[in-house]
Amino acid sequence: MRYEVPETVDAAVALLAAANGSARILAGGTDLLVQLRAGLVEPDVVVDIKKISQTRQVTAQDGGFRVGAAVTGAELDEHPDLKKNWPGVVEAAELIGSTQVQGRATMGGNLCNASPAADSVPALIAAAATCQIAGPDGERTVPVESICTGPGKTILGTGEFVVSLILPARPPHSGDAYLRFIPRTEMDIAVVGVGVSLTLDGAGQCIAARVGLGAVAATALLVTEAADALVGTAVDEGAVEKMQQAVRAACRPIDDKRGTIAYRTQVSGVLAGRACRIALERAGEH
Amino acid sequence: MAKIVLTGNLRLYTGGETELELNAGTIRSLIRKLRERYPDLPESLEDELAISIDGTVHQDDWFARIQPDSEVHLMPRIAGG
Amino acid sequence: MARNHVTTTINGDPVEFLCDTEQTLLDVLRDELHLTGSKEGCASGDCGACSVTMDGRLVCACLVLAVETQGAEVETIEGMADGDRLHPLQQKFLDHAALQCGVCTPGFLVAAKSLLERNPDPTESEVRYWLAGNLCRCTGYDKIVRAVLDTAAEMRE
Amino acid sequence: MAAVEKIIENRIDDKTTDSKALKWVGTRAPRPDGVDKVTGRAKFGADTHLPNMLIGKVLRSPHAHARILSIDPSAALALPGVKAVVTRDDFPDQPAGAVQPAGEMIINYRDMTRNIMAREKALYEGHAVAAVAAVSDRVAGQALTLIKVDYEVLPHVIDVDEAMGADAPLIQEDLITEGMDPAPEKPSNIAKRVEFGHGDIETGFSQAQVVIEREFKTRPVHQGYIEPHACLASFSEDGQADLWCSTQGHYVARGHCATLLGMDVSKLRVTSSEIGGGFGGKTVVYLEPVALALSRKACQPVKMVMTRDEVFRASGPACGTSMQVRIGATREGKITAGDATLKFQAGAFAGSPVPAAAMCAFAPYDLEHVRSVGYDVLVNRPKVAAYRAPGAPLGEYAVESVIDELAKALELDPIEFRLLNAVREGVDSSYGPKFGPIGCIQTLEAARDHDHYQTPLGSGQGRGVATGYWFNIGGQTSATLNLSEDGSVALVVGTPDIGGSRASLAMMTAETLGIELDKVRPLVGDTSALGYNMLTGGSRVTFAGGIAVVGAAEDLIRQLCERAALTWDLPLDDVEWIEGEARPANGRAGSEAPMSMAEIAKDMAKSGGPIVGRHSTNAQGAGPSFGTHVVDVDVDRETGRVSVTRYTVVQDAGKAIHPGYVEGQYQGGAVQGIGWALNEEYIYDEKGKIENAGFLDYRVPVCSDVPMIDTVIVEVPNPEHPYGVRGVGETPIVPPLAAISNAVENALGIRFTELPMSPPRVLAAIEQAG
């Protein structure tokens, strides 16, 4: 197994393209190293993207942010502007693993590992984040919710990789939140994860909403019916209840060692309600 | 004579008897006398036993003294974690 | 197969080694450099017994490829004491009986040091969440948390 | 000699009359191995390297139950860098029915040789089938993939109730249940039936006004030590061997390995490394005989370390169970009868701790009519290993849950109800013998009077109480005190130090000798350094080791007094040992300047040669320990998550030699119990394979899951120990399961009869209750 550490996007694309599918991208490595150790993947080459400056920076862009795919959770936490604008996204990224894992884990990796239970993904979906993808045919931009096609599977073609994630500008009176359920207080994979993003008008009416849902289907979901239940309301209890029903209706979970179908479905609604109330409170503050 | 109480599965080898009186000055002597009385007792008996003499538990302790008025319980050996 | 040649700094000392790509930093620390203070409890980032810092960041050495440490500064438990002077955390762990078997202790110390460098006055809850990635099966965590809080208080003086 | 005995007696009196007279015992002295452990210097099982060392790895069965038709290692052996392969053919079979005492357990070596390397069948997923030694981890791993094993997959069974069914697949085809009268004719998976008790339970139930009967089910859990099993074996061409390993008992490991390999015990020297947790799980061998067999074949040292995945699949665990409990009481709160049936999963080989569980189940209660029946049942899971008070937490979980329900039905405070029925000195235990001095009542009273129990609960919270019991044990123990020429002493013991025993043993040594603690350097010797030592387990080390080190110190004192007597030309009776020095006594008091240990040591060559204090004993009279736990919980009614918000452990230590490490035992046991009660369990798929063999999905409590754990050390001295020690390590894990279940019931009004009370189970129960 070879180790390559390109310093430009083009060099990385060239290495990945040349490997013809037998390459793995190394960002934080918190998933890749576990898979290597377990023998689940046996790449010929590991391409470390952390020396490519674009992947390591958080920059303001068009009123929003461009977050390098290899920026760690710990680094996101140290970015006050980002936290102020997208507290739900940062919190979701910070829920990935332990403090030690936070020192390494990245949102790009969390997304491209394509686990249905990835914590940052429902929050990114709720945030309407997009991915900037580099590849042999140049760059393309794709919504986060379109990246994963199933457990461990993405739309990324040979030679392609996610360079950065783009968080849009925040209108006034906006707020987001992410909550997940795990059996312990830390160190578990999400049994259910819900991201909610809201924008209110000056009178407190919801004018835009997005709800992302994790660990209840083969990929994280954008639940438009849930958002629709909120838009045009004051996000009162009745609207929240409808939103919760829509969330539960969208669930297509499995029974596994982390939770049952019934449990995941029920708790997705509970967390959606709780996350919505936090997002609402935050929207009221900004 | 000391009062001897057989707990657990020992009754299976004694025709159901669980209490008896015996003169035995030590655990070793007690085991010998029990064997004479109950020939079905298994070979490994001693190795599987804990013996309480008046509330003090002994394991592998042939020469522990049994008083004429002692109360002796034979029970399974105790391990730990 | 060509091995990777790595030049790095461990506990302030320049170190060079050769490694296979799949070898983790923990593999190299323990098996090649014989710095066995970092422990392998899981090799999957779930126990924290191999906690080290790399360029000042707390990480699990089992989740870092050794080759990634090229040019980096790595600090392990072996570098925590200053000569014959224990770090205050090390001393407080002893004073508070904050270890029993001791196998998780190096990881806890490295992680706690990293916490106090960022947050000299943590709450109990902050200590507990910061250390949630370090498993201890002996102590029930009580004395560890007390030792960290007491160290923080003393270091603030 | 007489003088020495008097001194020891005085010390015992000191303890009971004025504990302040003790200089070291009861203090929070620094631990001698502490600095090594905070600096990373301490060497654990995987930390030793030898020149020319190979790496060994195990090939494990992917099937829960399969006949092994053939094993072909030829392709693996042909791989460059592979130095040896071992299979079942490399271990001599052991005679049927050959059971031997080995340390604390009766070991069936016919089973043990099959557990360390499968013979006719693989009996659980993860069962060792072959092992290789190669020049590197990578080559060894590659070699494993080249070993061809031909399996005939058989039906499997992992549930204890199913395994007891008439149609269950037989794990051992010739197993006839022991303990049945008449003995069954047909084989089954039930290895043994045991029964304890006295009186007549139906008479007892006829006297009851309230009777509660419940069925319980618990899942297996793992001891969860952070250090995986590890060893390093080096076999010489002449048949002598060395083994370094992480074990709770290196003498016991030596005996097991020598028997399994067919070698003289004394040809094998075992050195125990520092041990990174055991809790009972490191009382048996897994890798050690395999590494020795590989090293014997390869004529090179072989190191083997389990991965965490292997630890979960192939070591431990503690039993899963199915239990029924019925208890009756009068309206006034007197228990009239108790009846329990306990079915325990032994794993693939007989030997669950169900006898101990049956003995402990009703131990806290003074009962006229009581019966507990246990079944030891084989299933296609790893053979269970001891886990802290083996068996007791399970039986007492069931009993203490029903006790709590009875208290509620009788409208009695749960502690008062227990006090009405609690055992005290002189009472017949539920399993037979009369209790000597015990602290059951004292722990209940201390719990009742504790601020925790007196503080009102927050809204929606629940509080639970439970009492637990464990016997504790003694056993064979040796200690040596080597006097150095400057008067300091090296204390050599043979019990691996799992949680601070070097500290407590050195403290008792210094106390008895009357010298400074830092003049005693305690070390754990290898198996050639001392006479036999039973393993570290059963809460025995501070008890039995204490007797050994005090005995060795007395022996040293006797010799020191002899040297002083010779030097002064006095009869030995006219020399006494006080405050670390020999002094003329009786009519000669003051006739000579006292001689310190250093002074005697300086001239020991001239006065007769080296001075070595020794004591070997088979310690008897371990003091049982009772504990009562109080716990508060919060339950998230919408997600089913149970959070422990406050926890207090009250337990009788007899005497806390080092209170800090006694508290640590209490706290650690309580938190392991929290994990057992709330989240820890093995999850199997339909093929009998473990789905959560890692710390990610086998959920031991993390730091943020638990509150501070309050402790109260009750001291009712054990008269059989020079300082009153009972042993404290086992009992703390006995009460938590029931205490937490009782607290959840108190919060929700729902009685859980299944563990763990994981969020999906709790939420389902809440929804069902409407």
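By letter and in written order, the chains are A, B, C and D; residue numbering begins at 1 in each of them.
As a working rule, a residue touches a chain if its C-beta (ideal position, glycine included) is under 8 Å from a C-beta of that chain, and two chains touch if they have at least 3 such contacts.
All figures in this text were calculated on a predicted structure; none of them were measured in a lab.
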Chains adjacent to chain A and to chain C under the stated definition are D
Comparing the two chain pairs, does C-D have more C-beta contacts than A-D, or is it the other way round? C-D
Express in whole angstrom the distance between the two chain centres, defined as the mean CA positions of chain A and chain D. 45
Would you mind pulling out the distance in Å between where the CA atoms of chain B average out and where those of chain C do? 54
Centroid spacing, where centroids are CA-atom means, of chain C and chain D in whole angstrom: 29
Taking the mean of the CA coordinates per chain, how far is chain B from chain D in Å? 25
Which residue numbers or ranges of chain C touch two or more of the other chains? 20, 22, 43-44, 46, 129, 131-134
Multi-partner residues in chain A (2 or more other chains touched) are 185-187
Send over the residues of chain B in touch with two or more other chains. none
How are the chains arranged in terms of who touches whom: line, ring, star, complete or other? other
Applying that definition of touch, give me each pair of chains that meets it. A-C, A-D, B-D, C-D
Applying the document's contact rule, which stretches of chain A touch chain D when the two form their complex? 181, 183-189, 191, 256-260, 262-263, 266-267, 270-271
Where on chain C is chain D touching in the complex? 20, 22, 30-31, 34-44, 46-47, 49, 76-78, 80-81, 86, 90, 93-97, 99-106, 109, 124-125, 127-129, 131-146
Touching residues (chain side chain D, partner chain B) in the complex: 99-101, 104-106, 178-179, 181, 192-196, 223, 278-281, 283, 353, 355-356, 359, 386-390, 431-436, 470-476, 537-540, 618, 620-622, 720, 729-730
Touching residues on chain B, where the partner in the complex is chain D: 5, 7-9, 12, 44, 47-48, 52, 54-61, 64, 71, 73, 75-81
Can you name the residues of chain A that touch chain C in the complex? 1-3, 5, 26, 28-30, 33-34, 36-37, 46, 48, 50, 72, 74, 97-101, 103-104, 185-187
